[in-house]
Amino acid sequence: MASLEAQVAALTAQVAELTAREEIRELLCRYGFAADTGSAREWSQTYAPDGVYDGLETISGRASFAHAIDNPAGVHKRDIESKGSLHTSGPVMIRVRGDEAWAEGPALVWVRDEHSSWRPFSLSYNHWDLRRRAGRWAVTRRLSRPVAPGLAGEVFTAWRTAG
Amino acid sequence: MASLEAQVAALTAQVAELTAREEIRELLCRYGFAADTGSAREWSQTYAPDGVYDGLETISGRASFAHAIDNPAGVHKRDIESKGSLHTSGPVMIRVRGDEAWAEGPALVWVRDEHSSWRPFSLSYNHWDLRRRAGRWAVTRRLSRPVAPGLAGEVFTAWRTAG
Amino acid sequence: MASLEAQVAALTAQVAELTAREEIRELLCRYGFAADTGSAREWSQTYAPDGVYDGLETISGRASFAHAIDNPAGVHKRDIESKGSLHTSGPVMIRVRGDEAWAEGPALVWVRDEHSSWRPFSLSYNHWDLRRRAGRWAVTRRLSRPVAPGLAGEVFTAWRTAG
């Protein structure tokens, strides 16, 4: 039996890992809440200052992220938020190493359609790289591709290395 | 380095928080299982005795909750359960303070359609207030609005205060 | 107040439970990643060597599981993976007892349709029995039925026993 000190040290590491995963799932929730409520600043802050979105377009820099939400002529305001939208993600697999982490899993954006029902606006494969600074996680890079033939394996890569 | 006693006290608080969140996610699972299996009593017990559902209609009191599931002429039996349904929720953000908590996130009810495929019967923004009594969490109030333009910000409010 | 030793023992048990649940949710993620990337071996290994899938068909034995993914004339290659697919599951309720566990909840397979939108290929009620060997969880039996009238109660059974 390990010493009490060693047991407490092991527990501390395990609880830190569980807590970090919870925080990362929360970050993805926050991302959705900010998008659906049109909160441009909060949405931009889910990315690190040097964070990059690599999807149908490439976005980098917090001003550009905020503009993607705020721009009255942009896709978000015109085709998503103004229709009534719901951004969700997960379930995700997560691995944390110190202050860096990755997550992989789906993201789904629902919009209300003209019949007052709902349809997927986008459904995607995603890999997120994340970094913790001053106790807060943020996305440093999100690779996102639509669910389509042959693309899953381009995005879902890290899960193979997670023993 | 904190004393071993202080480390154990800190771990105890962190594990209690993680466990409470897990219990609350389970409560939402139980809510779905009870709805889809037509279990009126179990469904009503996911609400506190003074619990309130504030949605398309307002429901309060466990007898009324049970009736919402049991009533052969009601929407649940007629348009949902009898078609083949699946109630899901999440991902949710959760904050626990002692024996009270809140959760925010989506809920989605699928029903089988006439082509043996499935469509969303309802898709909603939700804020749940919860309370723990005798070790069991229950919903004291659920605010629920359909995904539609401008409603996300009326329901998703607490996430902004979660530092 | 319990002794420090007793507190650490209780924490160890709680953290082991939380960690096991996390591992089981990861196993379900891995199942989806393997399916969508067409990784037959990894997919077959989410089942125990004596694992059984009891769904629209019955599958048992790892060679048969791998064949279900690899077979060019099979449903998976022809109607799912080649269209562009996304396998998801959850939220799930989980109970762990030593090296055995169960999980209950939905599974949803999305496929891209001919209009470059997405539709559910299958939506199901599921009960998974699981076993841990050499630190790894695997499915010993999955009972799966499509979301349809009257079937929820045939599959969602264990949740009632989870106090």
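Here the chain labels run A, B and C in written order, and each chain numbers its own residues starting at 1.
Operating definition for what follows: contacts are C-beta pairs under 8 Å (C-beta built on N, C-alpha and C of every residue); 3 or more make two chains touch, one makes a residue touch a chain.
These numbers were taken from a predicted model, which means no experiment stands behind them.
Engineer: What's the call on chain B versus chain C, same or different interface residues, using the half cut on shared numbers?
Structural biologist: Different: fewer than half of the residue numbers at the chain B-chain C interface appear in both copies.
Engineer: Superposing the C-alpha atoms of chain A on chain C takes a rotation of how many degrees, nearest 5?
Structural biologist: 120
Engineer: What is the distance, in whole Å, between the centres of chain B and chain C, each centre taken as the mean of its C-alpha atoms?
Structural biologist: Once rounded, the distance between the two centres reads 23 Å.
Engineer: Could you list the positions in chain C whose residues touch two or more of the other chains?
Structural biologist: 4, 8, 11, 15, 18, 90
Engineer: Touching residues of chain C toward chain A in the complex: what are they?
Structural biologist: Residue positions touching the partner: 4-5, 8, 11-12, 15, 18-19, 22, 25-26, 28-30, 33, 36-39, 42, 81-86, 88-90, 110, 112, 116-118.
Engineer: Using the touch definition up top, name the residues of chain B that touch chain A in the complex.
Structural biologist: Its residues touching chain A are 4, 7-8, 11, 14-15, 18, 21, 90-93, 104-106, 119-120, 123, 125, 146-153, 156, 159-160, 162.
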